[in-house]
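To keep things simple, chains are lettered A, B, C and D as they appear, and every chain counts its residues starting from 1.
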Amino acid sequence: KNLGRLLISCVDRPGIVSCVSNFLFEKGANIVTSDQHTTDPQEGQFFMRIVFHLPDLKNKLDDLNQDFLHIARDYDMQFEMYLAEVKKKVAIFVSKEDHCLRELLWQSNTLDMDVKLVISNHNDSKELVESYNIPFYYFPVTKDTKDEIESKQLGILKENDIDLIILARYMQILTPNFISHHPDRIINIHHSFLPAFIGANPYQSAYERGVKIIGATAHYVTNDLDEGPIIEQDVERVYHSDHAKELKRIGSHIERIVLARAVSWHLDDKILTFNNKTIVFR
Amino acid sequence: KNLGRLLISCVDRPGIVSCVSNFLFEKGANIVTSDQHTTDPQEGQFFMRIVFHLPDLKNKLDDLNQDFLHIARDYDMQFEMYLAEVKKKVAIFVSKEDHCLRELLWQSNTLDMDVKLVISNHNDSKELVESYNIPFYYFPVTKDTKDEIESKQLGILKENDIDLIILARYMQILTPNFISHHPDRIINIHHSFLPAFIGANPYQSAYERGVKIIGATAHYVTNDLDEGPIIEQDVERVYHSDHAKELKRIGSHIERIVLARAVSWHLDDKILTFNNKTIVFR
Amino acid sequence: KNLGRLLISCVDRPGIVSCVSNFLFEKGANIVTSDQHTTDPQEGQFFMRIVFHLPDLKNKLDDLNQDFLHIARDYDMQFEMYLAEVKKKVAIFVSKEDHCLRELLWQSNTLDMDVKLVISNHNDSKELVESYNIPFYYFPVTKDTKDEIESKQLGILKENDIDLIILARYMQILTPNFISHHPDRIINIHHSFLPAFIGANPYQSAYERGVKIIGATAHYVTNDLDEGPIIEQDVERVYHSDHAKELKRIGSHIERIVLARAVSWHLDDKILTFNNKTIVFR
Amino acid sequence: KNLGRLLISCVDRPGIVSCVSNFLFEKGANIVTSDQHTTDPQEGQFFMRIVFHLPDLKNKLDDLNQDFLHIARDYDMQFEMYLAEVKKKVAIFVSKEDHCLRELLWQSNTLDMDVKLVISNHNDSKELVESYNIPFYYFPVTKDTKDEIESKQLGILKENDIDLIILARYMQILTPNFISHHPDRIINIHHSFLPAFIGANPYQSAYERGVKIIGATAHYVTNDLDEGPIIEQDVERVYHSDHAKELKRIGSHIERIVLARAVSWHLDDKILTFNNKTIVFR
């Protein structure tokens, strides 16, 4: 519907908002929403997200992009410009537990995405995925075959022009090589309130520690396991009578809600990253 | 510290952001934060809050205000401009229950306000208030004396140049005349999750209805009792074993937190009202 | 697994716990969990839920029930005794919006229930339901056919020996006659934080009132629309930028979580009702 | 008001509830509330809290205690019996930040406790404490004087017959010797959502990690710093725009609420500990 999104990041200094909003005004665009954040008005890092409306944007986007390069150069900006109506192409990775996968497939009519394929190291979700007419790839990863399989996966992702990879409870650790192909483009759901209970079996650990609240965390994947920029977290209260199994059940509901929220924000280009943290504009 | 706040409201149309940000840039101001909201990009109502930094702002504010009038006229804007370092002058009204009063007095070192006086229809809080070196006015209101007392109160408020009135569990209904002197400048805390349990004894009503969650609501006061624009709400879970008295105790904690939050946002000029609703910028 | 559940309600007086626990002890049962509540220790109403373990309970339950009648008579108790391993037979009613139905079907492997059939006044969910091998009944209700259709539905419910009816966003009002056949056995999900926004279009009403938190409520159905005993409620924060459509989307997630929770408690015989309120034991 | 509380812990086996409730019934007591928990019905650990009403309990408590010893021996129980009307004697330890101290003093009329004294390693809170007519002890601890000062403190605690020590943001680490004198009788508030951000400066760490939710944790103090049994936790959402200072401010409100809740449960004898975890009965 002729909506564009412009994401900007640069060192803060006077005149940025004025310059960018002038640019859009002169191009005939109306600013629909605009959010900004600065780590420090005195030469901190500045971030902005603008949603604008411009008739016939589809055919004008390339030129707009080109013309904005001048401003970007002047302010030493990084920027991205998206046509809102273009759905991002998504690949979902999953292992045995399918609650997050189900939630994403289920919400795929309201989430603004195009799920191109699902990859799994188990065959369990094949039927579910194919019932949505989505191709399912089964790659039983072992230590010896990991590199080989990852390069096959990278090939499939490239062929399908994938914009976003969602690890919906994928229990394999990706190699730095794999991650480097998709910086800030891989979202993982971790089944604890990070940084508490990093690593395996967080619900068992939470039970043993006797916490009164459990949570889940969606984050971008980096080479440091469970240490990437946090996108979203949520929590639920638990009781002394809840055993580890019960925590897992309660947690599974938090996981799918948190992951779906993080994915929806990414799809709407609402997230910027800086210093291993996220700026999430509403 | 030379920070200014500019609040704007007008019919949405292209060019507003550009025009306003240019104005500030040309005056030498740096935009620190900027938030906006539109009810509809096609001729809906547009709202913006800008915090800007301008050296020697204190001495320039009047001129800035004057110069901005031209833009305001062009776009048919309503606007307000504030110097952030000027604390708002506050009057607190209270009856017998003092938990909200206490919270405000207590937080008065972190909340950006200058509590000039406390008015009550009971004498109970006199000692507490005076221990903070704040004048305490005792006005035992009756039906017959209400009008007379309100005009005395209005006098005191005027003398003290009060910017904001906080009803911190003040159990008297203000007259339309009183309210009309302070539009969107009177914040009340209602001890229920509005619009549930409008009116008196909400905790008793909540107990009788058997709700599983109770809440409190801070809102601007209008002539329609408990119907003014909601600023903030929060809730807490309760159990079948919690009697009305217990609900009241739990609720009192929600009340003081919610009221303090709403007040802090008002003090930071983060709230705009429209159509009996609030826009609360972060 | 030889677990039994005993629910008791009577006027409070000394000796009840002692008497009941003696009874179970003498029968060879071990109390696994026990919860109680009294509205007032001085002749208020007393409620108790006991889960006990007794070898070969399946074959002993009838005798146990019979023998407990003596105690029940002495204390003028109402009581129910259930074999935990027997799944309750459930009928789900749904209209067009299927998110609550989906959630229940999806969780039907972890929820301890046997979904015998789904009834709808629309045909939309037929395929979904039948993919779970569950019979789907389509009854397009009109004013004129309501009574006739309800008696058909009652017939189907009786044939299938249904223990619990779940209104998973069923947009028809049931007649008092229908409800009287299933007292405290019909759970409805209302898409607001009751008692706020009773009636139709609660999300639109919530948007217009400008609330900062929205919610959903699961309750037993009585003849007073939206006035039955509340089982569970939950809420989510919303913002001025969220339009009615967005509230509906956010709300739909609360609805399905709240309904699933209420249903799971009913299935575990954790709920007692009294004075139009619920006692929900953990 | 003749209310007694009985706390029990023993290995689970059939007949405990029956035996204990018979005992109370025979003594003429009426059970007001009863809660129980078992880690495993098959020889797990069993916990029970009973509140009972018995006329003239004050004069009968010693005998009751004595008579219960027989049952305790038979079942190898640990048990405690309290007269509800006897307020626990409390000592509060504080350093510079006084928000938790203030909250406790403030709530001291509703919390069922008798604050006998406040101890601090700074002089800042002296005036506040003494305004409540509570003795204030100033002990400026250094490495060299720690042992000496702790033994003075232990003396004061003993003289005042202190039942509970509350560390209301006391920034000194207590020695194992000090702790061993008050097992499960020292409650600390930690300013993070444990086990995340153990140690110093948790708000700074939370800011640097970019978490989206912060929290606070009340726990019993053991020799392992920040590792004692967790009593209560709560959380609040934060945003990318919240700097460490803002997290600290938000967190301070969570801290005082969480600490006050944990203390109120302890005062009501609602907490049992086992395996470094708490059982908290409602």
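A few remarks follow.
Here is the rule we use: contacts are C-beta pairs under 8 Å (C-beta built on N, C-alpha and C of every residue); 3 or more make two chains touch, one makes a residue touch a chain.
This structure is a prediction, so every number in the text was calculated from the model and none was measured.
Relative to subunit A, the most remote chain by averaged C-alpha coordinates is D.
A rotation of 180 degrees, rounded to a multiple of 5, brings the CA atoms of subunit B into register with those of subunit C. Centroid to centroid, with C-alpha atoms defining each point, subunit B and subunit C lie 42 Å apart. If you average the Cα atoms of subunit A and of subunit B, the two centres end up 37 Å apart. For subunit B, the set of residues that touch two or more other chains comprises 33, 37, 239, 241. Residues 33, 102, 106, 110, 131, 239, 241, 249, 253, 257, 282 of subunit D touch subunit B in their complex. Partner subunit D is touched in their complex by these residues of subunit C: 12-18, 21-22, 24-25, 28-38, 41, 53, 237.
Residues of subunit A that touch subunit D in their complex: 37, 193-197, 209-213, 215, 229-235, 239-241, 276-280.
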